[in-house]
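Shared between the two complexes below is subunit A, which pairs with subunit B and subunit C, respectively.
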Partner chain A sequence: MNWLIAVIQTSLFAALAPLLAGWIKWCKCRLQNRKAPSLFQPYRDLIKLTNKQPVVAEQASWLFTIAPYIVFSATVLAASIVPLIAVDLPTSASADVIVMVGFFAFARFFLALAGLDIGTAFGGMGSSREMTISSLAEPAMLMAIFTLTMTASTTNLSVAISHVLNDGLVLRPSFVFALFALIIVAIAETGRVPVDNPATHLELTMIHEAMILEYSGRHLALIEWASQLKLMLYGVLIANIFFPWGIAETFSAKALGYGLLAIFGKLTVLAILLAVSETLLAKMRLFRVQEYLGFAYLLGVLGLLSYIILEASR
Partner chain B sequence: MIIVLAYCAVLLSLASGFVALLMNQRSILLKFSRSWFKKYPPGDAQYARLINSNLKERRFSHLLRLAVFALLGLSGLFAILAGISVLISKEIITDQIGLGLPWLSWHVRFDSLSGFFFLIVGIAVGAVGFYGPGYVHAYAEKQHPFAALGLFTGLFVSGMLLVLLADDAFFFMIAWELMSVASYFLVAFQHENPANRRAAFLYLLMAEVGALAIILSFGVLASFTDGFTFDALREAKLSTTWASIAFALALLGFGMKAGIVPVHVWLPEAHPVAPSHISALMSGVMLKIALYGLIRFCFDLLAEVLWQWGVVLLIAGTVSALGGILYALMQTNLKRLLAYSSVENIGIIFMVMGLTMIFMANGQPQLAALGFLAALLHAFNHALFKNLLFLGAGIIQHQTHELNIDMMGGLIKRMPQTSMLFLIGCMSISGLPLFNGFVSEWLSFQTALQVDVLDNGVLRSLIPVAAAALALTAALASACFVKVFGMMFLGRSRSRNSDKAHEVKDKGMLAGPGLLAGLCFLFGIFPGVIISLINDVAAQLLGQALPNDSALGWLWLAPVSAEHASYSPPLVLIGALIAVGISVWYLQRNPATVMRRAEPWDCGFGGLTPRMQYNCNAFSMPIRRIFAKVWIIDEQIDKDMQGAMNQNTAAIRYQLQVQDHSWPRLYQPIEHGVNKLAKLVGRIQTGNIRVYLGYSFVTLIIMLWVIS
Partner chain C sequence: MTIEQQDFYTQTILSLAALVGLTSFLMLGQGRLLRLIFVFAVQGLLLTLTTALAAYSLNNPHLYISAVLNLVLKVIFIPWMLRREVIQMNTHRDIEALNNNTMVMLGGASLMVFSYYVLHPIVQTTSPVMLNALALSLSVVLLGMLLMISHRQAVAHVVGFMSIENGLFFAAIVATKGMPMVVELGVAFDVLVAAVLFGIFFFHIRTSIDSLDVDLLNKLHEVDK
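Then we have the complex of A and B:
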């Protein structure tokens, strides 16, 4: 039963990710006084791409063609760890939050290699920038997450979320720091403004897009889907770690239904916030990203320290 | 029985060294066999002919090479057997060999800790046994005699094994010196190049300074007890100050061998110039022997550890880990890069050892055991993948005659098997899930996260910062090895040499790294096997092991408690296979979407050349800019301008030199100091015979005065 719920939840994750992307786009368009595409446009794009013939660069090796599958699978596995509508998943036990960060690293490793595989300047540029940004973002993210895991004294996400849930509404300074750190990292890791612009096609400013420039057809579909999943995953992490209320603690139909509704509501709000911030902010220069991420890192460390100094039971 | 296995390993490695000496003695052998056959004419003439034909020049040297490496491989096998059997039996075996000083025969002790390191040495040496014959084949016999290489390899390996067996300070130092000096000759093997001689000298110098520090640290212990056996040293009752002095000396000595920043400088010099299988052994195994020495000294010989030492180790480890990987990122020479990456990994190990000490001194033996587990597991894993990468680098060098990463590219198509092995190495060292590097990293994080059991405020805030540095290190390592694999194997080839390269023909050269790659994956999926072995080491050495390392069953890793953290690589692997399977099946079912090949996007200008690809320095440029203070960067751009008012750039030259801070900051002042001192001393040497006679006279008078 537990495993069934875990599988269903992971499928839900994968199925809903394009919807979230569509919703963010819709909000952004409305905020910028543009006519918005349908909420389901990302689904149509994905279906269109899967039915197209993929074109692969001449000098690309086998690594280039298997990378999308690896990237997608790693992201789905990461998603399977994160509690979406219910806690106490068996998947959360088989891989904890450090493994989740490891899956992201896995996906990124292959994506960056694929960027280098085609032997063009764009691919190299994208890979180099992606690896730089992520090597700053990953520790910041771990710091934010460690704050949580030390509070709950577990790295198991399900257990940690139940712990926060059972503690009730306590204002923890460490959580405030960690929340902000995680938001900053999420924006950087999912390639949103102000770090990267998912809509850009100007070569010199691209990061993520430059890496996947040569992908087409089903390969592109997988990568796009994976990045939508990643966006949703960060959203769910922020929503369920810091505002876990509503998530199902038992596996009854009612609780699960409430859990689904709750995460819908939380993600809707988060997406609106993201759209507003993307509308208000401009993309920053590449070499200011380190200050931005350094700030996140600092917040993460501050969160950890404030937990240790202020909150720990001794 | 078990000790016999260990002795066999040592003797076989020595034998391999001495058999190699026969390389130049073919004529003597020939004479010997002729006289032998004359005296005892064999019944079977074919047999004699076979022996005689095997003594023919080319065949002889080929067979001899095989024999030498087969002996070395056997020695590795025996070391593995000895290590595993002592780990399983949990015995402590002691013995004495009647060599050495008249009043101090060599004491031997073979316990779990030695056994575990025997295992590490054994696996690495076994892999080298497969790899060696094909690799050394390329050396020209005149310039690089195989006899020297084989002899010193055998001595080097036996030296390492003897260090692990030693149970008295005297024997320990002899074995240690055997290891150091033999490896010096191996580093100096290609001595026609002055840079190699310089590297070898630097290595010898630092090895000897380190050995001096180790002798002094033993001396401190010995002065509080009588005798040099480790049993006697264990009884030494030291005051805190003296214990700290002994610890500092040991840290300096063993740290110099292990390559801790700032005494790491010999690593990036010596590793690239040694033959690849030797650098694999040096980096993968010898550094671990230094780690063994430190563990033996701190956790076994010294009665108790202080938390301040843990802090020192933690800081030194953190600096080494971060510094090592940042320097590695800037390298373009593959083996130099790998050497710096060893500094990083040793840093991680030291960091976790530091945590172990801190927990130990704070009365948390169970957490100390966890840290110990993480540190030793990482040492084991690092031995596997660093060996794999060095052997892979050897194959690349063998096939392309290049070590400069910027001169490679596109090798994945020309060397498919090597590239696969190298990819596994890169994934393991980057700490990606499903591979062994991740498991030890995961355990290290779990150790660091236990900080809230401590009372000391400084420690409570220091350890999270170290954990943060560890996270940064891991992420940078991943960037570094994306660079390595991407530049070497992917893209288009950047030089003619790499364009003409092809897969290595010798199967043994692939079998050695293949074995290591298989182990990297195996221990990534089933880390429980090796963890339970290390747990026994912890139980014997620290007196405390992790109780419920298999509370959830053998598929699970739950070091503290199932509630706290758990990781099940086999389940993750199954999940990954299912996910990949579904996506591949779903997307490839449509026959209309068969892949098509086309030119890559070139902005419509056409004519993409390999020179337009990103290279090493371009790839690491953002990181170089962000962490600019870490290196001494000398970047020069020369432009040739021409045309009206010098507006057009005709040619452009770019030069980049990235240097280690430790040279000008630490070593050059020392060098200046030594030179100055030498000049001062030189002043009394006037070269005038009368002055020297005067010195003798004054000395005599003073001596007489002292005696009377």
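Then we have the complex of A and C:
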């Protein structure tokens, strides 16, 4: 039964990710006075891409064709660790947050290799940029997450979330810092404005798009889906760690329904915030990204510090 | 005593303290003057909230007056005046190239650790909340000084100076549960007078060296560095 719910939760993750992407796009279009595409446009795009024949360059090795599958499955596995509508699921009990970061790193490694594999200038450039950014973003993310794990004294996400939930409404200064740090890292890692622009195909500014420039057909569909999933994953992380109220603690139909409604509400609000910030901000120069991520790291450190100093029992 | 056992007032004060510290860091890394002034106003707003909260929970009505004064002066008047001056002097489009921004930020983080370290002996004689609030206000003071050292624009120096005052004000509110009214009024008007005087000084600096970049003052040296 528990495994069944875990499988359902993970498939919900995968199924809802394009909807979230569509919703963000819808909000952005409305904010910029444009006519918005339907909320289901990402699904249509994915289906269209899946039906198309993939074109693979002659020089491509097996790595190029296998990378989309690896990226997608690693992201789905990472998604299975994060509690979406219920805590205490067997999948989230079996792996902790460091494994999740590991899955992300694994997916990114293969994506970067695939970018290099074809040997085009853009692929290599995109890969090197992606690795630069991720090497700065990962420590900051771990710092932010360690703040949570120190509060709950466990690295298991589901246990940590139920710990936060059981404490009730406690204002923790360390969580303020960790929240900001995680938001900044999430923006950098999912390739949103101001670090990267997901809608651009302008040669010199793209990062994620440069790596996947050579992909087409179902390979492209998988990669796009994986990146939508990653965006949703970060959204769920932020929503459920810092505002866990509403998540189901028992597996009754009512609790699960409330959990689903709650996460819908939280993600809707988060997506609106993201759309507003993307409309207000301009993309920053590549060489300013280290300052930006350095700030995230600093916030993470301050979160840890203020946990030790302000909150730990003495 | 862990944070779950504290009452709601304490938790809120601690969170506000953390946010005040955060705004100090935001100011430290800010290269644009208008945004710097905006963050300064946000810090003032957080202070106003703290004061109002203290007034409410300590049942100390004269703190409300102090909160209103704070709101009028540090959230509205001084930021508005600084903003006007920046726009008048046409420096609002300048981006200050902060040299070694990351180093300055990390230096700020270590200043924060330092202020906790310095104040740690106090924990024996007072509640942990007091220690935290005091340590945070000390670090806001130190961060204000660091802001003045690391920025070159005179306007940024003024903002740094004012944020030092913010740190002291925060300490006073939390530690003494509200100073006597006379002292608060005196401080508030001092700040006001200081802001006006700084405005005059801006014009003087500008007419004498044709810029607000205080590094250019080094040119007055006989020997070139």
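Basically, the second predicted complex is superposed on the first by the 314 of 314 C-alpha atoms of A that agree within 3 Å, B and C clash if a C-alpha of one lies under 4 Å from a C-alpha of the other, contacts with A are read in each partner's own complex, and residues count from 1 in each chain.
Please note the rule applied: a residue touches a chain if its C-beta (ideal position, glycine included) is under 8 Å from a C-beta of that chain, and two chains touch if they have at least 3 such contacts.
Everything numeric in this text was worked out from a predicted model, so none of it was measured.
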| item | value |
| --- | --- |
| Partner chain(s) touched by A:39 [first = subunit B, second = subunit C, both, neither] | neither |
| Touched partner set for A:290, first subunit B, second subunit C, both or neither | both |
| Dominant toucher of subunit A (residue count), subunit B or subunit C | B |
| Which of subunit B and subunit C A:19 touches, first, second, both or neither | neither |
| Partner chain(s) touched by A:305 [first = subunit B, second = subunit C, both, neither] | both |
| Partner chain in contact with A:135 - subunit B first, subunit C second, else both or neither | first |
| First, second, both or neither for A:149, with subunit B first and subunit C second | first |
| Subunit B versus subunit C as contact partner of A:29, first or second or both or neither | neither |
| Overlap of the subunit B and subunit C footprints on subunit A, listed as residue numbers | 290, 301, 305, 309, 312-314 |
| List of subunit B residues in touch with subunit A within their complex | 409-410, 412-413, 427, 430-434, 438, 442, 445-446, 449, 451-452, 455, 457, 460-461, 464-465, 467-469, 471-472, 474-476, 478-479, 482-483, 485-487, 490-492, 552, 556, 562-568, 571-572, 575-576, 579-580, 583-584, 587, 590, 592-603, 608, 610, 612-614, 618-623, 625-626 |
| Residues of subunit A defined as touching subunit C within the complex | 167, 170-174, 176-177, 180, 290-291, 294-295, 298-299, 301-302, 305-306, 309-314 |
| For the subunit A and subunit B complex, residues of the former touching the latter | 50-59, 61-63, 65, 69-70, 72-74, 76-77, 80, 91, 93-96, 98-99, 102-103, 105-106, 108-109, 112-113, 115-125, 127-129, 131-132, 134-139, 142-143, 146, 149-150, 153-156, 159, 203, 213-214, 217-218, 221-222, 286-287, 290, 297, 300-301, 304-305, 308-309, 312-314 |
| Of subunit C, residues touching subunit A in the complex | 1-4, 8, 11-12, 14-15, 17-19, 21-22, 25, 29, 101-102, 105-106, 108-109, 112-113, 116, 123, 128, 132, 135 |
